[in-house]
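What follows is a pair of complexes built around chain A, which joins chain B in one and chain C in the other.
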Partner chain A sequence: MPARSPRLVTGLLIVVLAPLLAISILSLFSGVNAVETIYWVFWGGFSPTQIPETMLRATPILITSFGLSLAYLARIWNIGSEGQILLGAIATAWIGLHLGGLGVIGVIVSTIFGGLCGALWASIPGLLRAYRGANEVFSTLMMNYLALYLASYLLQGPLRSPTSLFPETATLSRDLWVEPLIPGTRVNAFVLLSPALIAPATYILVARSTLGIKLRVIGEGAEKARYFGIDAGKAIVATMFLSGFLAGIAGSTEVLGIHHRALPSISQGYGYLAIPVAVIASLEPRLILPLSIYLGGVVNGVEVAQMNLSIPSGASYIIQGILLIASLPMAMRR
Partner chain B sequence: MDLPSISGFIGSLLAISTPILLIASLELLVQRSGVINLGVEGAMLVGAFTAYVVTLYTSSPLLGLLSAIALGSLVSILFAIMAVYMRLDQIVVGVSISMVSIGLTSYLYRLIVGYGSPPKIQSTLIDALAPFLRSIPIAGDTLFQTPLTPISLALPIAFWLLLGRSLVGAIIKASGEDPSRACRLGVNVAMVRTILLALEGIASGAAGALLSIGYYGSFLENMTAGRGYLAVALVILSSWSPARLLPTVLIFSLIEVAQLRLQASGIIEIPYQLALSMPYIFTLAILAISSGGKKAPRSLGSSEYEC
Partner chain C sequence: MEAGSREEPLIVAKDIWKIYDGGYTALSGVDLEIYGGEIHVLLGENGAGKTTLLKILSGAIRPSRGSIFIRGERKIFRSPRDALKQGISMAYQGSSLVEGLTAGENISIVARAAGINGDELGKRVMKTMEDLGYQLDLRSRVSSLSPGEKQALEVSIAINAGRLAVLMDEPTALMSTASSQLLMKLLREHADNGKALVITSHKIREVAEIGDRYTILKRGTRVATVTRRSLDGGSVIDTLIKHMSPQGLETYSLDISGAIDPGEEILYVDNASIADDRGIEVLRNTSFRLRRGEILAIVSIDGRGVKEICEAIYGLRRLRSGKIYVKPGTRIRYIPSEVSRASIPEMPVAINISMRSIIGGRISLLDLEEIVSSANRIIEASRANVPSIWKPLKSLSGGNARRVIAWREAMDNPDLLIVEEPTANLDIASSQSIAMLIRSTASRGAGVLVVTSELEDPLRIGCKWLILEDGTLLDPRSSKRVGTIPGAL
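Moving on, here comes the complex of A and B:
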């Protein structure tokens, strides 16, 4: 079992409370009662009618944080998931537009292709860290901005649907849509499959596998890794590749299951929200599912609160930044 | 090229180099003392926003500049509390502060200005400071749009002297090379770093104000667009030497001017996204080339030391 410590409890408390505190303070700026804001956040996130939408948002957070938690075991601090999700989504939509009529095979191929593009994007900072010693927090952040501009270029230029008013790709052919399983909601197979697969997979890999031990050894430094016969450079790139692959898959599920095309706002900060989840999950893997659902609900609820109380948008960026500072340094401390 | 167009070219070169040079010069001192501060991006953005709002309400660009300086240093001191005193990871603290700054300025901007097109300010910093410039010899106000430009050019030279031949310089370098030893010799390392960070906040705030109320006359969401990060990277590229920093920043500004002129001339079409992503591309390229340089201050990036 991974070491448990008071810092897990403290970290968990901070991750749970920080977003609520942030949105309360922001609502005070706009002259809205903080209690009312919190009420709407919880109503918008966790009331029975809202649960399906919350599950929808929890899915990419869950998938992404699984990959990140493995990277964090190896003490590789990838914060570039947001860009990897975005490019994975665009790649899925691009190849999907060529795979119409293939049905399930098309879905599988385009999902994997999205994952691969996310993985390739993540490999660049992986290579820079492994062979040039470039700090991966800094480089993955730069890669996020580059992904944003690249996506904007692709969606306004070569990949833009000629018939759409917005910068987005054309809609995928109907047989590639992963349709809702529960009538009246958008809950699709990805939303149901990922908790069933990923929650136990995280537990097994983090707490009960030799891979988990190997990753921890890599985190102890190149020298120690070499002593155990692990090439640290290769391992770092492989770890980045894996976490990028999962982020890319998260992007694919958004395209195939929900939007059926790629658009610039396809990731609502899921890549950043996955960071605190992954930090906690690398300490206590059983918390990955509840925490993903919680943050999915908070994002959903914040949006509902913003609409109902006319609070300006932009709160989510602040919440993401605060969660980053609240969680990552805790994992980095030895 | 005739004389006016040459002076116009140098003028726009210096306009671009000034904010980056202001930040990079102070960042160089900060890094020499052992701290890497990516929060400058946020301090710059907060400066740009504060200057705009204050100038909009008071119609005084000077008051705008002063408020930007005040809030810029506040952001920097916040960084110091978390990274120097609480000893949280410097890179993560810097990135988080910058992310929160983007969110907070966008949020407050929407709250104050709403969703329409932003009102331009009446009189810019450049108008307000023009009288000072006429007193500077050698074509003062054709080359230098504000006094910040000659200051930005003087800073690397001043810091070269400071680091090379003064006790203060020696204390800064000692804090960055061997903070434990410096501390045992009686240097208050945390205080040295905090003072330098506060000064860097002043420079970042001023640089941000120059963008919003100097050049643009208004505010845009995330209008600093990676220039703070680029300044940090340029310090690394110049191997922490103030003598190299000046030419390095000028060369990068030259590239930017060339890119802008090329775009304006319409000879080749550059997608605007590529132009906007230049600071991020350069930063990443510099990280790839210069990371792990042997000349890096030995305790750069680490706030752990014993005393």
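Moving on, here comes the complex of A and C:
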């Protein structure tokens, strides 16, 4: 059913080429051979030894873009995932510190709690859009900064570990750690389960379910939604809630599976990287997994390249920015 | 006074064709004779070609074929300036004034084009404005005038700038009733001085009293031209109906409501006022009722209020005042005039057919079997030509897409069916089958409300109908207002 549209082709070209273009230009300014940089990025992202780390990074992008792709179907432009991930992570760590000894149940409860916090955070711009007409692009983006400073306060203040030198929470009790399943890597259950669950779920919901069609009707505007008997306001809040929930879960997986505590830099821009992936996935849901892995690999590869070449450390941010600027307006155009 | 005699027409339009760039044929071979000293009223539904014909006579657009003669001499107008030079002026629908200039500057532009003295024209325009009940300061910018003032200015300039003939397209649409009446009086004076006045108006009562001759256009052709004297006492409205629908009222009158017991009341509109997006009231303090098995058509000749009334009753538009009562649980279905308002044109035909059940149900996998069988059922009943149910709805022709949506709504067991412009975009055969659909939906026990700008629709359907004019409902036979007292209908 999803039709090949010119928009899909343009979007794919943007997602694939924009990071490489950004890296090349950065190299040029830094006096480094662009070809060499791109080689390191690809080696660092996609050589066999690096694949586990790439998958690790692809996981939060995948989970977040799943929720976003549903929101984007409804033309609700949540770009506040970064903040939702961060607050989901902090919420998970906070409740996790109270759930030590509960094991798997503790993991499940704290994961869902992280999701709920992300969802509530996302519901605020949802409510503002639905009942006050506030443009969610601005409000969700602004709320990323609110989240950042709120996190900064919490991690330096009430939630700060008394024994740590850094602004971070205490480490979770060992039984809440989601341990690596493949020896010698950090690949845990989340990293293995996410692609297996989310890739088909995205396809089914976007292309084969009544929800996908309902979301598209919402995306056609409040008037058409009302024609078909949909309460557009409620639907907007629900959609924001859902996408925030998944972003929050992405934050939870980072805490439980990798860092075992919350820290300010827990999301490496995953909330922004998920945006172009979700833009494409809402047009062609089968691409959600390959694109998540691709951008996970690029982020990983850029870090490797930075270690080997004198590329500025802000390269990742520039890639995120360019992807955002290039993909979102294209998606928003009717 | 220079004006043509009664015997020889002042202006003759012969075999005028207009095919617009998109291929739309607005006029196909229209003849028109305009005499000096007459008020000539052009009548016809939306899209009949009235405005196109006037614009061709005023030089604003050029005909695809055909010729215009003034006092027997062939003329070709390349622009409104050419027509003005020949003494033909036009007041356009809305306004053709330059917003950024003052009233005086606008007048001098027209004066220069017409080759007459600007100050002289200014004085006469001021006088005419006064006659219409407006105070005009020539120094005020057009953009600062109210819509009514702008229209009065447009009309006043045209009346005084045209030596031979003045063409007016809906000149009273934005004027108050008082000013409209003053204008009608003024037109008579100018006609008595020998000028030809050609006017279109949707306010039937207004022009019923003023015209010397009436030309009825229909889908780009002239149906008839009748003189006032030949009307022998019959009302203009009756004549209009007779000419617009040659079969007459009787052939269509198929009394369906008697076939079944008059059912329970399904809709009660109580003293409701409805405004359009600009805030202009399209329905004022009006009440009406609809029972099961009943069909009621509301006809708005100028098309105003059609969409708004439908939307208000379906629940998409807030009332300005009053109430609309439907029993709780009443299943309302609505066929809008544009397919795109009731579908996602980019999605497949089959999905669009099942859209209501897809959206109304719980989240689940799409039931493809059910979707295919519904699609086949609707397509078979509507006899729409659908090459593939998985092609996007927008790949169908306008008429076929409309059929699909109309049958989807009507076959969804409605208690109340709202039909907006039932025959919009449809050919005669399709229009007949929509009429059948409406009748059979009513005979299955639904109340059907038809709101349309096509006078022929209620005749084709064979149902009770009312005219919507100036926000009030009129009985078409007696021209009396109805429904203004709650429960009067």
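Following the convention adopted for this analysis, the second predicted complex is superposed on the first by the 334 of 334 C-alpha atoms of A that agree within 3 Å, B and C clash if a C-alpha of one lies under 4 Å from a C-alpha of the other, contacts with A are read in each partner's own complex, and residues count from 1 in each chain.
Note that a residue touches a chain if its C-beta (ideal position, glycine included) is under 8 Å from a C-beta of that chain, and two chains touch if they have at least 3 such contacts.
Being a predicted model, the structure only gives us computed values, none of them experimental.
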item	value
Side-by-side fit of chain B and chain C on chain A, or clash	fit
Touching partner for A:F138 - first (chain B), second (chain C), both, neither	first
Touched partner set for A:T210, first chain B, second chain C, both or neither	second
Chain B versus chain C, judged by how many residues of chain A each one touches	B
Partner chain in contact with A:E223 - chain B first, chain C second, else both or neither	second
Partner chain in contact with A:T163 - chain B first, chain C second, else both or neither	neither
Vertex chain A angle, Cα centres of chain C and chain B, expressed to the nearest 10 degrees	70
Shortest CA-CA distance between chain B and chain C [superposed frame, angstrom]	9
Residues of chain A defined as touching chain B within the complex	26, 29-30, 77, 79, 128, 132-135, 137-139, 141-143, 145-146, 149-150, 152-153, 156-157, 272, 312-322, 324-325, 328-329, 332
Chain A-facing residues of chain C, complex	314-316, 334, 336, 341-342, 344, 346-348, 351, 355-356, 358-366, 390, 392
Residues of chain A touching chain C in the complex	1, 3, 204, 208-211, 213-214, 216-217, 220, 223-224, 226-230
Touching residues on chain B, where the partner in the complex is chain A	38, 82, 88-89, 91-93, 95-104, 106-108, 110-111, 226, 229, 271, 273-274, 276-277, 280-281, 283-284, 287-289, 291-292, 301
